[in-house]
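In the part that follows, the structures are each spelled out as structure tokens.
Okay, so subunit A shows up in both of these, paired with subunit B first and subunit C after.
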Partner chain A sequence: MKKWLNVLEQNKRLQAIVIAVYIVVTFISLYLAQKSVVAFLLLLSSLLLLHFTTFSHRVKWVIGIVVLSVLLPLAASQGEAYQSYMEVATLVGIYIAMALGLNIVVGLAGLLDLGFVAFFAIGAYTYGIFATTQANNFMPFGQYPLSGESFWVFLIIGCIVAAIFGILLGIPVLRVKGDYLAIVTLGFGEIIRIIFNNLDKPINITNGAMGLASVQPPKLFGLEFMYPSQFYYVVLVILLLTIFVVRRLEYSKIGRAWKAVRENEIAAQAMGIPLVRTKLMAFAVGASFSGMMGVVFAAKQTFVDPTSFTLLESITILVMVILGGMGSVPGVILGAALVTILNLQVLTELTNWLNQLSLSGVVSIPDALSPAKMQRFIFGVILILFALYRPQGLLPAKNPRFDEKELKSGATNMVDGKEGAKDVYFNG
Partner chain B sequence: MIEHVLQTLPQVVIDGLALGAVYAIVALGYTMVYGILELINFAHGEIFMTGAFVGTALFLSFSAFGWLSSMPMLLSLLLVLVATSIVTGLLGMGIERVAYRPLRSAPKLITLITAIGISFLLQDFVRFITELKKGNYILTGPSLFTGQVSISASSIWSGFHDASVKSSFFIVLVTAVVMMVTLDFFVNKTKWGMAMRAVAQDRETAALMSVNVNKVIALTFFIGSALGGATGVLFAIQYGTIDPYIGFILGLKAFTAAVLGGIGNIRGAMFGGIVLGLLEMFAAANLPIISNGILGAEYKDVFAFSILIMVLIFKPEGLFGKVSIEKV
Partner chain C sequence: MSILTVKQLTKQFGGLTANSNINMDVQKGSITAVIGPNGAGKTTLFNMVTGVYQPTSGDILLNGESIVGLKPHQVAQKGISRTFQNIRLFGAMTVLENVMVGMHTHLRSGLFHTMFSTPFMRKEEKEAKQEAYRLLQYVGLESLYNEEAKSLPYGAQRKLEIARALATKPKVLLLDEPAAGMNPKETAELTKLIYHMREQLQLTIILIEHDMKLVMEISEHIIVLDHGEKIAEGTPDDIRNNEKVIEAYLGKGATTAS
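On to the complex of A and B.
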């Protein structure tokens, strides 16, 4: 087995053949067997396979984008399950972007944020209030709902509003010892939910526990993004942008400052890194990703209510980061995809299957044991096992290696040096 | 407005004391563990919750066997309290052994993550067992100590209204005071208490002075969790209905109490708990009046939380804590 893997690693052409065959086979099987969730998942996991190949990064990106934007929708589009597949894929995209945001806070800066979903809620409500008739209740001017074209502006507004809240929360907390942060953010997540739940009086801003219904779907050049199959592309574009930004941030000056703070606060401070400002920055950037995805979520669900933003959601995102690997972008993507699919597909399928078994009288599973209710148990076990035995996650973060000699010779040859640096960026 | 606030004051104080006593003892668990390991034991709220369930289950089976009527009420209460404390104490020790001890030298972030994992695991485990046995995870215990006692506060000052209390209030208060006094005595006057204080001060030096550090830490977890579990029983008696998710918010508030009193300080935690309970009940009763109906009683959780933020901004070492300086 190991020998074969070695051969495979040496030979790029062989890799190309393997991955091409894999993609073609899974594509055909999904195309023909529409109801097969397994085929859908296998086609998705071709991206993981792609991650392990030794192609250059440009090639990997091109293949990945082709699979996601053409092959996956095409293969899934042949049957009734099309929209539900795309729904899952869209939600996976949203959660990946959120997990990448949390990864900045937890993975890079080492700050445990347990109320991350609060920022998601803030983003969702920011768009939800103005894209329904709700805003008429308290806004002195303007006609609401705003049209779906405002969605694109609200992506930015959601970012900014969430970042402001992140800073407001961070200012008092980040001055004191790190462990308080976890518990304060935990409280903050709960508080935001309570406030949104009760802000229907004296002025009706959030419509309380009833939630906001019929949020305007996004619109671009007169085209409405109503169905998951259309929304999928919106999320895909935003996700690609997010990945790009996160990658660039990680190796920028601020990214290195975050890692330094994570490893040792006092040493980082001694090296001239402003501690509070760096932490606040991590908090704000992480929050802004979450806020942006909140806007997307509100537009996708066309319905916002406080029950979507519980502690369980915050912990779910944390599980994604821990499972994939703190600080590792490919890892977090994998973790988010795994957890979301587990939540949406595997658990519900298992529950249905068990229900059928108990209906036909083969075995009788008590209702309390139904897998759909076991989320907390599963997440708890994942958190404990990974923290104890594999704290670096499934795909551990790699620090770029620099060759001293190469860097020194690169100083005389700037073009090469830049090329090299670029490669390092995308190797992480 | 002030008149109304004063009228309800006796009732608020009584309810606040009951709630504050619960906060105070749960806060003790947080503060003891934090003092010794500098770790926020997230699972402590869940230990409290487990205690509430174990206690209620014991009461239910006592009444199923008919023991509740055949033996004195206080005796069965004592039995249940002791049994629950032992169960939750051992649970706390087990958690420390499995989830915290292997990570004692790991970054703090990792330990916090296992703590959250444990707390989720416990929540679901308790939900699972209750749902399996009862068909519903919300559990109502047998009603005990329901006699109403009326306190004629108006005879003290005519501006007060009379307050009424369930007799369980006295049970909660007396038990809580007994537990706190015993703990204070144990920590300050006994050999093991001295060992605990030594380990909290400097683990390595204490080890050199032939203190068995692992044993002391295990003991700390046992005591903290036993007290937490017993408080769970008191909570179940006082408030009747429990579900597996009560531990989370209550744990959060008890932690606030611990921070308020200066984390690591045992007497501070007791004081912080009582203060927080009183403040919260005051807020729940009077927020709508003071804010002219803008803020309802449902904001009392927000209120407790803003106290935490205030303390962290203005006095992060708490009311009775020492300012700690980090040395390299």
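On to the complex of A and C.
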């Protein structure tokens, strides 16, 4: 096995053949066997396979985007299950973006945030309120609901509003550290949910526990976005943008500052890193992705109510980050995809299957034991197992590795490091 | 010319007076040592100078300008850098990254440049990497640049702290027990390095150290603290023969040693 992997690793052409065959086979099997969830998942996991190849980043990106934007929808589009596949894929995308946001806060900056779903809620309500008749209750001007075209503007507004709330949360919260921070953020998450639940009087802003119904679907050039297959592309674009931004930030001065703060606050400060600003930045950037996806979520569901934003959601996102590998972008993407698919597909399929079995009288399983109800239990087990056996996650974070040639090229006058140092200091 | 002046500096933690009325004048380009028994308040003094603690009373002047009340990162930007007694590296980051963090305040590319990966940002990052590598060469750690900082041996970690502190381009460098845990060979290398830094980088160096051989050899000026108070200061020779210092810290053997 190991020998084979080695051969594969050295031979790019072989890799290309393997991945091409894999994609074609899974594509055809999904194309032909529309009801096969397994085929759908196998086609998705071609991306994981792609991650392990040794192609250049650009090639990987191009193949990945082709698979996601053309092959997956095309293969799934041939049967009745099309919309439900796309629904799952859309939700996976939404959760990945949120997990990437949380990864900045928890994984890079080391600030344990247990109320992250609050920013998602803020994004969802920002669009929800103005894209329903709800805003008529308190806005002195304007006609509501706003048309679906405003959705695109609200993507940015949702992003900014969530970032502002991230900073507002950050200012008081950053006085505390570690466990206390986790408790305060947990409180924040609950406060936001309860505020949305109760803000129907004295002025009816959020419509309380009733929620906001019939949110306007997004519109672009007269085309209304109604189906998951359409939202899929919206989510895909935002997700790619998110990954791009996260990657850029991670390997920049800001990313290094986040990691330094995570590793040692006092030393980071002594190196000239402003602690509060750096942490607030992490909160704001993390929250903004979440807020943006909140807007998409509201438009997709066409219904927003406080029960979508419970503590369990925050924990779920945290599980994604921990499972995948804190601080590791590919890891977090994998973790988010696995957890979402486990929730939406595997557990529901298992439940359906067991239901059928008990209906036909083969086995009888009490309702309380149905897999869909064991979600929390399964998360608990996953967390314990990972904490014990793989604390760094599925795909652990990697430090950037530098090439010695690149480092040395600027040091031509440095035959002896010690003698040249004076020049270093004042020229550099 | 004095670069750093400490006036009547006092720090109280509740009822405990960690530093009381300390006066200190550090000449530009000098090597000054702060010595004294454990618990004398040496590190507290460093922490006040670098902004980690706010003094209860008194003043600290850098080039005639007060730095009391500044946050630690502002003090670092003013040109005071330090290493730590209990090593505080960014353990999970690579050696090169550790040094690059030290350059934080000198990198100009903000969010915009980062997002669009502008030529300006790429050039700056490349230069930062190269300069970080040269600093590693300077302290002799260049072969370990891709290692995780926490996997380094103890002596190398101390050197890395110095390289990281140099990356902030300080005027004054505070070294908190730089030779702690080093063997005689490493200490000799360190002594050389400290000299080099002063000569080549025109640094002013203040160090806390218990290794008297190193202190007596290297420093031009010594300040002795005991129970939070300054009990003596002067050249190594003065200190070696000072009755109070011998009683409080050095012990009888020191007059004949080295």
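The rule is simple: the second predicted complex is superposed on the first by the 406 of 428 C-alpha atoms of A that agree within 3 Å, B and C clash if a C-alpha of one lies under 4 Å from a C-alpha of the other, contacts with A are read in each partner's own complex, and residues count from 1 in each chain.
Keep this in mind: contacts are C-beta pairs under 8 Å (C-beta built on N, C-alpha and C of every residue); 3 or more make two chains touch, one makes a residue touch a chain.
On a predicted model such as this, the values are computed, not experimentally measured, just so you know.
Contacts of A:399 after superposition: subunit C is touched, whereas subunit B is not reached. In the superposed pair of complexes, A:381 makes contact with subunit B only, with no contact to subunit C. Legend: residue contacts after superposition of the two complexes on their common chain; A:186 is shown touching subunit B, with no touch to subunit C.
In the superposition on chain A, contact is made by A:272 with subunit C only, not with subunit B. When the shared chain is aligned, subunit B comes close enough to touch A:173, but subunit C does not. Of the two partner chains, neither subunit B nor subunit C is touched by A:246. When the two complexes are laid over each other on chain A, subunit A has residues 266 in contact with both subunit B and subunit C. Residue ranges of subunit A in contact with subunit C, taken from their complex: 245, 248-249, 252-254, 256-257, 259-260, 262-264, 266-275, 399-402, 404, 406-411, 414, 417-418, 420-422, 424-425, 428.
Taken in their complex, subunit A has these residues touching subunit B: 106, 110, 112, 114, 172-173, 175-180, 182-184, 186-188, 190-191, 194-195, 197-198, 201-202, 266, 311, 315, 318, 322, 366-369, 373-377, 379-384, 387-388, 391.
By the touch criterion given at the top, residues 50, 52, 71-73, 76-77, 81-82, 84, 88-94, 96-97, 100-102, 104-105, 107, 109, 111, 114-115, 117, 121, 125-127, 129-135, 137-138, 140, 142, 145-146, 148, 164-169, 196, 200-201 of subunit C touch subunit A in their complex.
Across the complex, subunit B meets subunit A through its residues 38-40, 42, 99, 102-103, 106-114, 116-125, 127-128, 131-132, 248-249, 252, 255-256, 259, 293-294, 296, 298-299, 301-302, 305, 308-309, 312-313, 316, 326, 328.
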